[in-house]
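Chain naming follows the written order as A, B, C and D, and within any one chain the residues start at number 1.
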Amino acid sequence: MGRCHANAFRAVAGLFDLPLEPKLTILADATDDLARRGADALGFARFTADWQALIDDPEVGIVAITAPNLLHAPISMAAIAAGKTVYCEKPLSTTAASALEMTEAAEAAGVITMVGFNFLRNPMIRLAREIITSGEIGDITGFRGRHAENYMASPDAPHSFRTDPAGGGALTDIGSHITSMARYLAGPITEVIADCQTIFPTRPVAPGHTRRAPVQVDDMTHALLRFENGAAGSIEANWAATARTLDLSWEITGTRGALAFSQERMNELHLWSGTRGRNGYTRIEAGPDHPPYGAFCPAPGHHLGFNDLKVIEVAELIAAHAGTENPGPDFREAYEVQRSIEAMQRSARSGAWVKL
Amino acid sequence: MGRCHANAFRAVAGLFDLPLEPKLTILADATDDLARRGADALGFARFTADWQALIDDPEVGIVAITAPNLLHAPISMAAIAAGKTVYCEKPLSTTAASALEMTEAAEAAGVITMVGFNFLRNPMIRLAREIITSGEIGDITGFRGRHAENYMASPDAPHSFRTDPAGGGALTDIGSHITSMARYLAGPITEVIADCQTIFPTRPVAPGHTRRAPVQVDDMTHALLRFENGAAGSIEANWAATARTLDLSWEITGTRGALAFSQERMNELHLWSGTRGRNGYTRIEAGPDHPPYGAFCPAPGHHLGFNDLKVIEVAELIAAHAGTENPGPDFREAYEVQRSIEAMQRSARSGAWVKL
Amino acid sequence: MGRCHANAFRAVAGLFDLPLEPKLTILADATDDLARRGADALGFARFTADWQALIDDPEVGIVAITAPNLLHAPISMAAIAAGKTVYCEKPLSTTAASALEMTEAAEAAGVITMVGFNFLRNPMIRLAREIITSGEIGDITGFRGRHAENYMASPDAPHSFRTDPAGGGALTDIGSHITSMARYLAGPITEVIADCQTIFPTRPVAPGHTRRAPVQVDDMTHALLRFENGAAGSIEANWAATARTLDLSWEITGTRGALAFSQERMNELHLWSGTRGRNGYTRIEAGPDHPPYGAFCPAPGHHLGFNDLKVIEVAELIAAHAGTENPGPDFREAYEVQRSIEAMQRSARSGAWVKL
Amino acid sequence: MGRCHANAFRAVAGLFDLPLEPKLTILADATDDLARRGADALGFARFTADWQALIDDPEVGIVAITAPNLLHAPISMAAIAAGKTVYCEKPLSTTAASALEMTEAAEAAGVITMVGFNFLRNPMIRLAREIITSGEIGDITGFRGRHAENYMASPDAPHSFRTDPAGGGALTDIGSHITSMARYLAGPITEVIADCQTIFPTRPVAPGHTRRAPVQVDDMTHALLRFENGAAGSIEANWAATARTLDLSWEITGTRGALAFSQERMNELHLWSGTRGRNGYTRIEAGPDHPPYGAFCPAPGHHLGFNDLKVIEVAELIAAHAGTENPGPDFREAYEVQRSIEAMQRSARSGAWVKL
């Protein structure tokens, strides 16, 4: 992820017309040696094994955090204290409580924050939100979404930070993406009930080990959601979905139309709008009419890839840092996502609906 | 639906090699006049306004019931008492209790019963079950299904038997299809929790009326399911799904593969089975390798239509009547579906999981 | 094909509101025995081994011809002479010259004729023609079509009437379907050049034989077409298309929009019409807005199958016989298709464009 | 295109593990001012208005040519003379004769050459070639391809270098892509006949002008092809394909299987391989099993975009420059493509097949 960030920062100036040109000033890692090698490989000017030094560096305006999840809070708090713009990977923190603390600190300090929910950067997702907001598909009645992948579909996929009871599990890891998208498109979630399932009760303790240890997190979660606007629906988070690699998909239904999307075909948005005898989903293809597609290619048909979403994110980060409006998601929004996830986890333990 | 049955009975002998040839002997309807006109239009030899007379008719071997739901029970009970084969449209009855009574009567009498869950007759659905049963996709871990249509998507679609609190609502009307399919493919359901939503609080009292009355049934239900085999999943029943006409669709995931299907493309079954570098869903197209497709056409590529599913159902009914094994779904299975639906409705009222 | 006709005649009255109800009066076949068995199996009242007797039968109003291609001409000529309505399977005859003779005889006698290009009966194909005729997609500029199947894709698929130099080959057998569709949608063809290829130089002389004989017909033909309206395009006819079972597909481009279709998804028509930011193909699904879909089901989503196309054809035949306008294709149109095919064959031999 | 190259050169080191790291040494443009601004915007160290100076620069190892087509030959010849690696955008030159001269010069000098047919860099296209080469789909019998876009679909799209009779037209501009792909997958083309059509006889003389001048190039070409391996097929090049933005698509049929692809879904390759009862196209999704996908992301599901293809091209160029095998396409291959295009144009004028 560090490399992905560095590549995006390097690429962005060649594609976007930015108010400021980013420089890869200084890279921090756990040891001097790791930091030196990282800086070399990724093209940073300097390096340090002390992340506080990075934050204190007067040349640094934006602190980008791709450290392990446990470090998101302390690094963010320090960066906020230093008045820096903070760009943090999701999840914002390992608990909603800590995420709220970070959010309140950032808001009190007035610093700019952004969290890496990069799937929201897709021009097709923005088009979806514009269509919804404009009322084109009427009042939203239903949302049905899913984030399904197969990276843990083998019972022999080992334990890792992903299966750590503190902040691990499919719902936290990828369910956060479909939750953030549900909020982005259908608005605040008010009530949830979830069923968290551990498909494989044990996994190897580490890569290459035959010794197995119990799994304490979910491999698959299905949840029912109710939204503030009266809509209802369901989501699934599943990292053992054998047939899927990035099925971050949804259908959102309104009283006059509907939209459907899958990350598997990320350059397409399907819009249904009824015309007698012509009813049907229209497959809208990403193109220059859908900003910021045009930054990548002035002609339609030249599809964006996954890495381009990170470049868009970084472009918006830099613009926000330079003073334009922050499109988010900021720490507040990331906290709301995390709070929704924790409510689902709580409902799965209690077997009852949880209000947000 | 009466016409659909009659057409299927008439068509079946030209397509299937049957042990018995069906005759449209006698049609019963509410009045002599309706019955006469029905018999004329549909090609029945005789007619009656007294359904008991139809049942008592010695020439009648199979009693096909397409009467209003409230009449399913009394007509079935009479037909069972008379030792006739009973072919009943879904839902079997208006309550699970009544459906159980019918089931026990039929089993005690040893009569053959069949219920019109015609979507199960699709050769692609059978292929799916064979693939699952064979172990080809491993142990089943997840089921995600949906039956979404838009026939009640307008707030001005009026009240009718569909919105009658006794036996109405989207979950009962079409949720039964996806529930029967879930059971057919993933096995018995052991626990459910549902969220039943009424999208339009009032509807016109009848077609063409401006006066509106409250709606007491669900327009849309999302439910979480747990299965006896350990799998978990979700279903949706939605008759206000603006963009959908017959999205009876599902994905079923196993530890070694997966299957996906939508009635919108009913001649295709998608099978995922992993081969390094060649991973992906294979779109299997219905053909002579998938019985009973060959009854309709000896060559592949000549797709079946919706009405053909009813013809298959009738062919299997006749074969069962003539003594071959009954592939079902029989009354017992229809009762189990209904019981699952009622459990979902109960869970929606209580906000808690319901065990079956 | 005889059975397919009989089934369609039997089914049609239950589905369509017809001015006349068809009766399966008399069946003719090569021998008394074959005819008797056919009549029994298909439900004809009588049978004969003398097709002239069938034609002379005063109860017979419509003569349906599914005999071998060589007999199409003599039976048709006799039926025309007797003033009967003639319903003939494609190809109309084994040569365009003979087809023209039949056409002129029918026109002189004023009898009603219809030829079994059943793919044209699809409600989606009619919708396509209506959209084109209305000018909705502007002036037609291009047509790109194909009929690809795999029934002869094995080098061991044996010789049969299909490989008979008189009237055989992929272009004649299935190329006629895409040619008739090209004419139906884009209008008369004025100039052609084709490349006819024999992929397998020999085939077994008959099923189960190891002895092989040379193949003198095409397995695959690609052709360039020019249309009277100025459009240009290409078609392919291929019975050795390994991956295809009924890829009768096309895209037709106009100056303001386009349409695309494949028989593999015969209930869908794709319409492109440009709206800034919403450009894309709309997948129109067959439904009651697209006659005569409603004859099969009053609700959308209940797809038609291949056999239903034959039922539509027969409904239109009966209506034409009873005096309504004949929608065709009649003998004249079938002759034009055949003439286009022969021109392609001639161009393949000469290596030069052929004008029609 | 210059910007696209620069971005690719800048991005490549962050993604690929390269033997050499590229530097953007010097940019040449028509005037000092243009060159200065280009160098600034794209991050080149120096600039010049004299391309010969760039070639002579001892720090320059690779000369990348994105100049107007007329300049490809002189710049290439000079770079070859200087012993530099030459990386030229397609078309290699404005005539096949000139392209051959350039090819022979490069081969005589032993310099490394590469031409920007970037669609060939797609991991899915390489997978296709590997599958074909391995014999997995048997002997190739047919190729059916297309490159259709709509950037000239309006009659008011003005004249430009694209419509210049020297080197313009749809066949040259985009037909070269589908021709290069046909050669890459199905091998050398031996015989062609084409139909070149000008859909809009006049176009505005320049953007914003109302005065119109005749168009002397094709808007749409359909062609029949024969291949050295005995296969046959067709291609279309169409820049007035109203409904298409980048339909660079094809199906290639072998005696045991088939492959299908469209650039509209560039991360998917469809492979048909027959297994009784399981026949169908498998949608293979790009992933780490398909090099060099892994350079962009170690996990599957993270799709590549159009710009990533250019990065792959540049990575291969640098590797070839550093001494690994040149995967091409080199000048020789680009010449062969151009020769095929010219043969099609000649055949369109003569109305006769042209041998290559």
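The definition used in the following text is that a contact is a pair of C-beta atoms (placed from the backbone, for glycine too) under 8 Å apart; a residue touches a chain by one contact, two chains touch by 3 or more.
This one's a predicted model, so the numbers in the text were calculated from it and none came from an experiment.
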Chain at maximum distance from chain C, centres defined as averaged CA atoms: A
Chain D against chain A, contact positions shared by both copies (same if over half, else different): same
Chain pair showing more contacts of the two, A-B and A-C: A-B
Mean-CA-position distance for chain C and chain A (Å): 54
Centre-of-Cα separation between chain D and chain A, whole angstrom: 35
CA centroid of chain A to CA centroid of chain B, Å: 40
Residues of chain C touching at least two other chains: 244, 281, 285, 287, 300
Sites on chain D touched by chain B in the complex: 127, 271, 276-285, 287, 289-290, 300
Of all residues in chain C, those that touch chain B in their complex: 3, 6-7, 10-11, 13-15, 42-43, 149, 151, 244-246, 263-266, 285, 287, 296-297, 299-308
Residues of chain C defined as touching chain D within the complex: 137-138, 141-142, 144, 146, 153, 155, 193-195, 197, 199, 220, 222-224, 226, 232-234, 236, 238, 240-244, 251, 253-258, 260, 272, 274, 281, 351-353
